[in-house]
């Protein structure tokens, strides 16, 4: 009696297990667990990580995509593009593309999508990539679009990678949670627990292997890792380094993020170059790297390799506490108040182990004799220090920051940090401003060289920041999937690229 | 039924025989011996009264019979309890349970606390039947209704579904009795069953107990501290003191010819009717001037009685006028709810009156405020019924007595306080070195002395005593009253002495005012009121004082007024 | 009774209005949300456009007046984050929390009553000691710690429960267990304490003198009288759960109002913050009135 | 008692502290709890002096060092945290901030809540109603929101954390104090004081407050545990104490990500929290038994009479 009932239970459990695995295979469903709940599913906000990871290239598609290897734009819904004159670009669009609601993709639809983004009637995060550019978009014929801008836009095709094309039936003046695009999947449900996508039969390109994709979210990295381990999910991006313990399933990838500390060059004693250099030299970089994993790359500049303008030859600061002390002594001898209290402003949850890194750096700076005090702030509070106008009476401060340039060009980095008008810049050097303007206007080889020169100058002469690391992301991929993350994983997870192992 | 069969054997010798019972209560220090080598027996059908003051061990000995003493901290050191030939201490819990409620039943002093507040009385009575598998469900309920009718609860069919708090004190005790007699026990233990009740209600309950005993032939063990109740009920009497039996015998013999000094002292303290007239402590010189004059005092309460019914008004004090002269003691007598305590609280401005005036030394008390009120509160002091409750348990005696000086700063310089406390303590018969102790370290009588010392501290002219001696044991009552009378003579005080107990005021008051339902029904000099009461109510109050059993004619139990007595079921048949 | 409910309700409405006003002004002290809603590299124009679009450029008292005006039309504002009506967001999340809280508080109260009464029936016994210590130990651990260890042990190690999420009954086990720990621990103590004093009360003596069976004395007489303080504490704990199942919701991915509230607070989604507080505060006040009515039901002496 | 003649000696009170100690010895669990708490307070007071700056000494090359490693100094006995700092030293230093925050929060909420409760209970003026509505508002005000508001407007600091915790716990004391006062003010000795002419201030401070205090202190003991736990929950949500300051709660919160790989980082501080709150609960249970005259005998050495 007893043994038979045990047997019955055991067989029931086994059958249930078998059934669930069989279901997963038959349904060709993929389950992805994200770190955060997407607040909304507005296609104009795909540069927000958790929106982009669901929508981008799955539900909605951009006009162009960036090649992760070269940083150059490649065709997507726009098949080719030509620069007619410095302020005008002409795009050819893909033919035979249909939206998930049945309407046709054509020049009108492209114009509508661009105008919806730039129109200002909805809050559109993606639009920020265009800065303050004014665009005038017209449909030349059914599959040709012309874009005129008020000033030269040498990298417009790169910028077009954030233009998500939406059905013309989408409201123009209202943000939506039910996006309709041209992608291989259409939105089925969006609830506070889950987002479900179903395959779109009328997709123009190659059919993905999955017919259904389910997204859930858990903030705790260890739980997300556990979900993939137990088979509750197939894939999770951005797990913490300590959870990336299984080389079979956990893949490291250089993401496009660069961590750094900004030095407020306007505040004494940080206005002294020697102090700024000492700050860079006082950090035990090798030790600090332990916090971020073996694959982390020491950064010498604010963009990752592969971005147009990155200087591979530029060397990072080394660890030399003795030299740092000497520099500080010299500065002190010149009357610089090196004993002023310096506020180190960190942000909660900015990146994994971010707070630990700040604590460690504070201790190291204190070791060379600087009076550094750490303050960890909430995002909104921290933003007040990051962006202009800076708070009055902020005093000498160092600011923890992370920069993500995944758009292939240093133009998305240099002006904001180093030009006096830059939103995060504490510098105000007219000569430097001029150099930057020239570089931005340049094209081709010249552009690359100018950017490299600027990064060199920033590292060696200006020292307005303390570049830390090019960060590594870890993704856990379930054993039945054949897929590897790359630099774009932080902004999109195209389901069409994921294959099942057989 | 088994019970019916048992109850026939009336008068065939002892139903309960207790031999050498000794019970300790354990604590950190040496065990406290609550019952010390006590032996007695209860005969079938008789009434045995165990008389003793608080702490004499009278309740513990009977609780042991009912297995109600928690062990630990209780500890039955030795002795045997033989009930109808069964040694109780050898029974297992189930055996004890079978006896409790079925063969021995018990009723307690405070029925409000001893009835479960969240169940209807019907359910609690029915529980007796159900616990002993005598009846279930509807039958048990029907039995409960019948029992309620038998003990004199009006409209038992509807009242059976009432909760204990919806009954008056006397009715609650009737409910307890109904519960106790449900299975016609062989023995009923009544532990101070009438102590918290008014005299007239007390008389009714005692009558009921007597009637029931006659009907069922059960033995009745009555525990009381009240000599008059004891005399009115007892066939035999046991006097306990300090855990020991000091005297026992036939009731009349013990009362008429007490042997033990303790018993003698107890009986001497009893304010016997005519004797009080001879040995009274009334004041001798009453100066003519009027200290307090109360005119048409009325206190009305509005009772909100639910959402649908209108508002009901209730007059606690109804158009009362009187005056108090200097050096005089005015006694205010009435049963609970007569409004006598409301008057005290209003006069001290603890509650506000609805209308009326009260002039103290010519000034209307109710219009006083600020400094005038504070000054008035210095002149008039109050002594409360419960001396322990009226003192802050966190303050020592010195702070308690010096509090008036802390409030009325000009009364006494701080450096004189210590000496004055010592003086006052001596004045009320305590030792000066008691000043550093706390109220809980004193006995009830001592606490009341401290309360009097506190009242005297502000050098008052009038002291209002609200049931000031009612909570004290008989022998202590007399001492405190003597003290009050002494102080009156020495300090020229006036008293308003509020009580429910007529004999006590007879001893002490110059004039007496009898109150009923907020109104004054009779007022006059003490001796006149006792010798020739004018009002029916006063007469009935005087009559309700229990008379010794041996002086009563058995077939005419005194019919007491107050509560209406419903018709009794004549045949007295009990269901089951 | 009805007038009592009316009075309580009017007090509650007053409190809710006060609460909403306080929250309105205090949340505005926490800074400008536009920085959080726009990418870090958004232009100044984009920021001011955002503020204008969402009415954040007006002076705060003016914004409050607007808010009140909309409230009268039962318009609770739009969520900045979620592109939909704020009250809808809150009302969608609330039942999830309520389900969790009700099950947790009911189970822990029932269990605590059982364990606490048995412990009080034999004070000092082995059962009493173990029950007291174990329940207290459970209540003494940080809940998120218990939750994560629970997942690592039961979902990853033993693979008998799902890690997190919603769906089957198995998904309920761990969140409920974690939520129950603290209420259960505290309630066992309360039940044990009140039972001990109830068992020492006079009416228990009466019951014993009547020959009532021991089981009935404990569960019929003593327990019935101990329920009032238990209900009080359970009510307070339920209030806490309605307001604060945040940790469990966060860890187990339960889409409840606690998680919604904290997300909205951190994201400065003011309309949603206001709506969640409106919903939870209303629920708490209703709960309090319900508890008062339960008192009257449990104790016939209480009449309002 | 027998008849007490006026000159009979009232019972003398034995030395209170000696009796309490004897009661404590009778309850071994409570004794253990008391010893643990005493050691803890000692560690919090002397600890920082004992371990020096070890609590903040970086050891990036011995990150997540496992406990009980024989080849490291004794201070690494419990292992090292994510920055290679010795956990033992951090526990000792963290004890100070953890207990300090909890004590300050509990004390101030008891003081403020108790005072408001006294006023609200004794007086029936308009401000009593205001206080009650205020308590309602505070009670339904989510503590997390309050934490964020304070964190943002006043900045992250231990003082501000104390403010948040104190405000959220306040209504408990307010309501308890009020309920007690409502009962106490009807008591005879309050009437007696009033009839003697005592004003409201004197009655509240001299007569009522001393009797309310023991109840509040009992609640405070349990609340102490609650505050430590709420503080750790705030840390978990990132709204609690901010680095470089830390408490046990923050240590658990920071170590939670390592539970599967380096369990000791979150385990030791979690254990410390658990033992502390457990001890407080056990002690407050003990205190309740001592205070209850019907239960007190359980803690007494019951000496039977010789028979």
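A few notes on this one:
The first chain written gets the first letter, and so on, giving A, B, C and D; residue counts start at 1 in each chain.
To be clear about the criterion, a residue touches a chain if its C-beta (ideal position, glycine included) is under 8 Å from a C-beta of that chain, and two chains touch if they have at least 3 such contacts.
Nothing here was measured: the structure is a model prediction, and the numbers come from that model.
Common neighbours of chain A and chain D under the contact rule above are C. Shared contact partners of chain A and chain B, listed by label: C, D.
Comparing chain pairs C-D and B-C by the number of C-beta pairs in contact, the larger count belongs to C-D.
If each chain is reduced to the centroid of its CA atoms, chain C and chain D end up 22 Å from each other. Chain B and chain C, compared by their mean Cα positions, are separated by 49 Å.
Centre-to-centre spacing of chain A and chain C amounts to 37 Å, using the average Cα coordinate of each chain. Inter-chain spacing, taken between the CA centroids of chain B and chain D, is 45 Å.
Annotation for chain C: residues 30-31, 148, 152, 156, 200, 250, 266 touch two or more other chains.
Counting only residues that touch two or more partner chains, chain B has none. Counting only residues that touch two or more partner chains, chain D has 148, 152, 256, 259-260. Applying the touch criterion to all chain pairs gives A-C, A-D, B-C, B-D, C-D. Against chain C, in their complex, chain D makes its touches with residues 29, 132-134, 136-137, 139-145, 148-149, 152-153, 222, 225, 229, 232-233, 236-237, 249, 252-253, 256, 259-260, 266, 270, 273-278, 281-282, 285, 288, 292, 294-295, 298.
Residues 37, 39-40, 42, 47-48, 120-121, 123, 125, 127-129, 131-132, 174-177, 191-193, 216-220, 222-223, 226-227, 229-230, 232, 378-381, 383-384, 386-387, 412, 416, 423-424 of chain A are the ones touching chain C in the complex. The touching residues of chain C, when paired with chain D in their complex, are 11-12, 14-16, 18-19, 22-23, 26-27, 29-31, 123-124, 129, 132-133, 136-137, 139-145, 148-149, 152, 156, 182, 185-186, 189, 193, 196-197, 200, 239, 243-244, 246-247, 250, 261-262, 265-266, 273, 277, 280-281, 284-285. Contact residues on chain C toward chain B in their complex (touch as defined above): 1-3, 200-203, 205-214, 216, 221, 224-225, 298-301, 303. Contact residues on chain C toward chain A in their complex (touch as defined above): 30-33, 35-43, 45-46, 49-50, 53-54, 81-84, 92-93, 96, 148, 151-152, 155-156, 159, 162-166, 250-251, 253, 255, 260, 263, 266-268.
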